[in-house]
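Below, each structure is written out as C-alpha cells.
Below, chain A partners chain B and then partners chain C, in two separate complexes.
Let's turn to the complex of A and B:
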C-alpha cells in the first residue's frame, strides 16, 4: 500500500496535474500580490473567483467563445473589486467585514442566477459552453517527461508561468512595485514622497479583481466546461494564503502555489486508491497548516521581538 | 526668478484647528544660504507652520513667497518640486526597504519607460554623497541602521529630490553628542554650498551654536526675532516661555530607604543572538534616583526591555523587585506590581496615536488600578484622571476625546510622563523623559522626578542627555558596550570624567 502511494505521489501524471492545479492560484496571487503589498487586508478572493466562474460560463454560453468567457470573468472580477473598494476605500468600512459580506453572498447570488438563467440547480452543463483548447507544441515532443508534463495544456497555463516573471519584474523593478511596497510599509512617508496613495490602492485592487477573474475562468473553461455551485471550494483562500506566506514576492508565491497544486494533485491521484476520501481531501489544508507552522517557527523567539 | 533678498517669505499665515489657533498671522523671512532657527514652547505652532510650507496642511489665509514670487502649492509633491524638503520629527522611512529604495521612492529615474534605472539613480545619489560628504550604506536595510545614520539618509533623500530649503524639525532630539556634531558639520557644509536650513529645536545651546537667525514663537505668534550673538541661553528661554527659567535641578538631600530592585548578572541577547547586555549588576533603593548615562545604542534599550519583561534575559540573570523574583514575568504583572515605564520611543511604545487622549491616559493602568467598575471602563473616572494629567503637566489639548495624533510632539511626551508619574508606582523606569520638551516644561518635569523620589519612589533614569543624568541622579552609572561602570555619586565626578567613561575610557581599568 505504502509503495503504491509513493509510486503515485511521484508519478508523471501527478506532476502534470500539479501545474494545472496551481494555475488558478497563480493568476489570483500574481495579480493580487500588489493589493496585499499595499497593506490592504483583502479576503474577498473566494467571492471574486466564484462570481467569475459563473460569468465566464455565461460568456462562453452566450458567444460560444472561451475568450468572451474570459472577458466576462475578468469583467465581473473587476466589478466585485470595485464594490469592495467602494466599501473599504471610499466609505472606510472594515475590510474584513466587507470581504465576509461579499464571500457569503456570492454563493447565494450565483446559485440564484443559475436558476434564473439556466433553470437548473447544482451543475450547469451545456454544449454551447466552450472551453479553451489544449495547445500542442511540436518541438517539445522529444523532451520525454518534460513533454508529458508541459505539452498539451490550454494557453492559460503558459500565460500563468510567464506571469510569474512579469509580476516579479513589476514588483521589484518598476516604480509601481516600489511605491506599492512603500505604501504598505509607511503610508504617510509615501504621501510625503508625493505618491498618490489612493490611486495606487485602486490600481492594485483592480489588478487583483481582473486576475482573480482569470482564475475563475480557468476553473470552468480549461476543459470541463461547466459551472458547479460553490465551485472554487477554498481555492480563493489558498490564493490569499500563498500571497501572505510568500510575503508578496512573486517567486516565493509561485513556489507555494506549486506546493498547494501538488497537494491537490495528490488528492486526485490518491482518490483512486481505497483510502478514506475524507482523509485524502484534508491534504491541501494540512499542507496549509504545516506551511503556516514552519513560517511561524522562524519568527518565534523571545517575547518582545514583535516588530513595531 | 525674482531677485528678492529672501529665498522664502511666509506672510500672515493663519491656521486654525477648530477653536484652536495654531498659527496666528505668522510672518517669517528666511535669507538664502543661512541657518534660520525657530524655537518656542510645546504646541507653539512650529511644526504646523512647517507643515503649511510643505503643504501637508492648508493655511486658512496668508501667502508663501519663494524668491519674492507668490506660490500656490497643489500638494506636497509640488512643494518638493519647488525645492522645499522636510525632515520630519518622526522619520519618514520604510523599515523593510533598502536605503537606496527609500531615497528614490517617488522620484525614480526610469529606462524604457517603465523600469527603474537603478544605475542612474545610484550615480546621482553617489554624486550627492560625495559632494556633501555623506557616507551611507545604500544597500543596507533601513531597520538595521542607527538613528544618526537614518538622519543622514533623510538628508540625502531631500537633496536627491532637489531641495534648496531643508526643514529639520527637532533633528537632534534623537542624536548622540557625536551625532549632533556630525549633523552640524553636514549643515555647515550644506549652507556653504548655498542651501538654506530651517532648524527647529528645544536645545537652546545648539540653537545658539548653529543659527544665523532665530525666530521665537509663542502661542501661535512670532514674539521675537534675534541674532545669536545678541542673546544667551537664559535670555532665549525667557523670551520663549515669557518668564525666567532656571536651567538647574533643585536637588535636595535624598531619603534613601531599603533596596527595592536588585539586578544580578543580567545578560540579554537580541534576536540575532548578539549579546547586548553583559553581566550587569545594580541595586536601587526606594527614594533613590539611579541614573544611567551612555552613548545611544550602548545597551540601554535592552536593559530596560529586560527589566520591564519585554524581553527574556539569558539564564543566570536575576531581577528581584520588592522581594519577588520578576526575571521572567510579563509586563502586565510589572504594572500590577507597581512599576511604571516611560519608553524612549513615545510614538512606537508610549501611545497609540490613533486612540483618544483619555484612552491613552489610562493605557497600561486599565488593569492595575481603578478605571473600571467590575467589567466596564469607568469613563468618568478615566476622564477625571486625564484632566489631572492635562492640568498638572500642562498638556495643551482641545478635548479628551481628541486623537493623540493631533497633539504636538512635546505635548504627547508630557502626557506619557504624566500618566506614569501620577500612578502610585513604587519604581519608575524613565527613558529620556524630556525628549522634545521645551525648557519651561523640563524644569517642571525635573522637579516632579525629585518630588517623587522624596516620597519614596525609586527611579531608574536612563537618558542620553548627560546633563540630565548628572543633575538628577543620586547614583550615576555609565553604560558602555553593554557593561555598567561606576559614575560616582551625585556631583562626585565632572562632566568630562563621565564623558570619558561613556566613550570606553574605563573599559580597560575594570
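Let's turn to the complex of A and C:
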C-alpha cells in the first residue's frame, strides 16, 4: 500500500497536474503581490475569481472564442477591483469589511445571473462554451520526462511560468517595484520622498484585478468548459495566503503555490486508491501552519511582544 | 527580503469619531451616515427586485409576512437571529481587543461536531445532558483556538493566516470523521455512506422558547451572552483592560495591563463563544451535525459585528434585523418570484455602504465650505477697500 502511494505521489502524471493546478494560484498571486506589498489588506481575491469565472464562460458562450472569454474575465476582474478601490481608497472604508461584503455577494450575484441568463442552477454546461486548446511543442518531444510534464498544456500555463520571472524582475529590479515596496514599508516616508501613494495603490489594485481575472478564466476555460456555483471554493483565499506567506517575494510565492498545487494533485491521484481524501486535502493547510511554525522558531524569545 | 514583521496587516478597529468634534458635527455625521446608507440600501434593493420584473413593494410585503406575519414566522426570525448574534458576539470579543480571529467558522464547526457526537453516544437526564454537551462544545471551540493563540504569542505568527487555515482543517477533519470513521468509509460502490452524524437522542433536544415554533432556548442564550459582554466591557476592570489592549496598546502597556495574558484570554473567549454557537445550532435546530453547516457563518458574524460598530447591545438589533431578512427572504421567494439570493446581495451591500468613512467625507466638505466662505469674505473686504 505504502509503495503504491509513493509510486503515485512521485509519478509523472502527479507532477503534470501539479503545474496545471498551481496555475490559477500563480496568476492571482503574481498580479496581487504588488497590491499586498503596497499595504492593502485585500481579501477580495475570492470575489474577483468567482466573477471572472462566470463572465469568462459568458464571453466564450456569446462569441465562441476563449480569447473573448479571457477578455471578459479580465474586464470584470478590473471592474470588481475598481469597486474595491473606490470603497477602500476613495471612501476610506475598512478594507477587510469591503472585501468580506464583496466575497459574500459574489456567490449570490453569479448564481442570480446564472438563473437569469442561462436559466439553470448548479452547473452551466453548453457546447457553445469553448475552451483553450492544448499547445503541442515539437521540440519538446525528445526531452523524455519533461515532455510528459510540460508539453500539451493550455497556453495560459506557459504564460503563468513566464509571469513568475517577470514579476520577480518588476518587484526587485524596477523603480515601480521599489516604490511599491517603499509604500508598503512606510507610507509616510514614501509620500515625503515624492511618491504618489494613491496612484501606485490604484495601479497595483488594477493589476491584481486583471491577473486574478485570468486565473478565474483558467479555472473555467482550461478544458472543462463549464461553470459551477461557487467555483473557486477557497482558491481565492489560498492565493491571498500564499502571497502573505511568501512575504511578497514572487519566487517564494511560486514555491508556496507549487506546494498547494502538489497537494491538490495528490487529492486527485490518491483518490483512486480509496484513501480518505479529506486527510489528503488537509495537507496544504497543515503544511502552511507547520512552515509558519518553523519560521517562527527562529524568532522564539519567550513570549512575543504584541505590537499594533 | 523586506522587513515586514512590524507591520500589522489588518486593522479592523472601527474609526471612532474624533473627540474634538463639535456636538452639532457629530450629530450631523451620524444622521448623514445612516440616512445615506439606508437610502442606498433601499435603492439597491428596489433596483435588484425591479430587474427581476417584480414589484419591490410586494417583495417587502413578502419579507414582512415571512418574518412577522404569524407566530411561526416570528419564531423563524428569532431562530435565525440567534446564531447571527452568537457569531457576532464571538467576533466582537476578538476584534474589540485587536485579535483578528477569522477562524470563527472552524470553531463553530468543531463545536457543532462535538455536540453532534456527544448527543448520539451519551444518554443522560435531559437538562444534564444539554448542559454537558454545551459545556463540551464550548471547551472544544476554545481548544480549537488555542493553536493559533500559541503560535501568535510565542512564535509571532500572524493569527489571521493560522485561523483561516484552521477553518479548512476543521472542515476537512469533521468531514473525515463523519464519513470515514463513523460511517466506516465508502461502501462497495464507492459512495459516501453518510453526510451527517445520526440524529441526537431526544434528551439532548434544546427546549422551545416559543412553543411550536423553531425558536429554541438558543434565543435567550444569545441575548444573555451579548448582555454579558456588554456588562464585561462597561462595568468591570477586566473588560476595561481588554478594551485598552485593542484601543491603545502603548497606553495599556504603560498602565501596567498584562497585555499577553489578556490577549490569550480574548482569543480563547472568542473561540469558546463560537464553539457554543455551534453546539446550540446542532442541539436546537438541526439535531445532527451536517457537513459544512457552518459555511459563511464566520464572515456573517464579522460583518454583523462591524455593522454594530463592535457594540454588544447594537449587536442584538443588527442580529435581529439579519434574522428578519433571512426568515423573510424564504417567504418572499415563495410569494413573489424574487430569488432569495437577492436579500443576501442587498444585506452585504448595506455592509458595504455602512463601512464608508462618512466622517472624512463630511469634514472635507465642511472644510471646502469654510474655505469658500473665507475667500468670499476676503474678496468682499478687498472690494470694499
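Everything below uses one rule, namely that the second predicted complex is superposed on the first by the 298 of 308 C-alpha atoms of A that agree within 3 Å, B and C clash if a C-alpha of one lies under 4 Å from a C-alpha of the other, contacts with A are read in each partner's own complex, and residues count from 1 in each chain.
The rule we apply is simple: contacts are C-beta pairs under 8 Å (C-beta built on N, C-alpha and C of every residue); 3 or more make two chains touch, one makes a residue touch a chain.
All figures in this text were calculated on a predicted structure; none of them were measured in a lab.
Participant: Counting only touches as set out at the top, which of chain B and chain C does A:272 meet: first, second, both, neither?
Facilitator: neither
Participant: Applying the document's definition of touch, where does A:142 land relative to chain B and chain C: first, second, both, or neither?
Facilitator: In the superposition, A:142 contacts neither chain B nor chain C.
Participant: For A:109 in the superposed arrangement: first (chain B), second (chain C), both or neither?
Facilitator: second
Participant: If we overlay the two complexes on their shared chain A, which of chain B and chain C does A:296 touch? Say first, second, both or neither.
Facilitator: After superposing on A, A:296 lies in contact with chain C but is clear of chain B.
Participant: Counting residues of chain A touched by each partner, does chain B or chain C come out ahead?
Facilitator: Tallying touched residues of chain A, the top partner is C.
Participant: For A:93, using the defined touch cut-off, is the partner it touches chain B, chain C, both, or neither? Pick first, second, both or neither.
Facilitator: Once the two structures are laid over each other on A, A:93 reaches chain C alone.
Participant: First (chain B), second (chain C), both or neither: which does A:185 touch?
Facilitator: After superposition on chain A, A:185 lies in contact with both partners, chain B and chain C.
Participant: Based on the superposed arrangement, let me know which partner A:39 touches: chain B (first), chain C (second), both, or neither?
Facilitator: The second partner, chain C, only.
Participant: Which positions of chain A sit in both the chain B and the chain C interface?
Facilitator: 181, 185, 302-304, 307-308
Participant: Okay, in this complex, where on chain A does chain B touch?
Facilitator: Touch residues, chain A against chain B: 169, 173-176, 178-179, 181-182, 185-186, 188-195, 301-305, 307-308.
Participant: List the residues on chain C that touch chain A in their complex, please.
Facilitator: The touching residues are 1-12, 14, 52, 98, 147, 151-158, 161-162, 164-166, 168-169, 172-173, 175-176, 179-180, 185-186, 190, 245, 249, 259-260, 263, 296, 299-300, 302-303, 306, 339, 341-342, 344-345, 348-349, 351-352, 355-357, 360-361.
Participant: Given the complex with chain C, which residues does chain A contribute to the contact?
Facilitator: So the residues of chain A touching chain C come out as 37, 39, 41, 87, 91-98, 100-105, 108-109, 111-112, 115-116, 181, 184-185, 234, 237, 241, 244-245, 247-249, 274, 276, 278-279, 281-282, 285-286, 288-289, 292-293, 295-297, 299-300, 302-304, 306-308.
Participant: Which of the residues in chain B come into contact with chain A in the complex?
Facilitator: 54, 56, 75-77, 80, 86, 88, 92-97, 101, 104-108, 110, 114-116, 143, 271, 305, 309-312, 330, 345, 348-349
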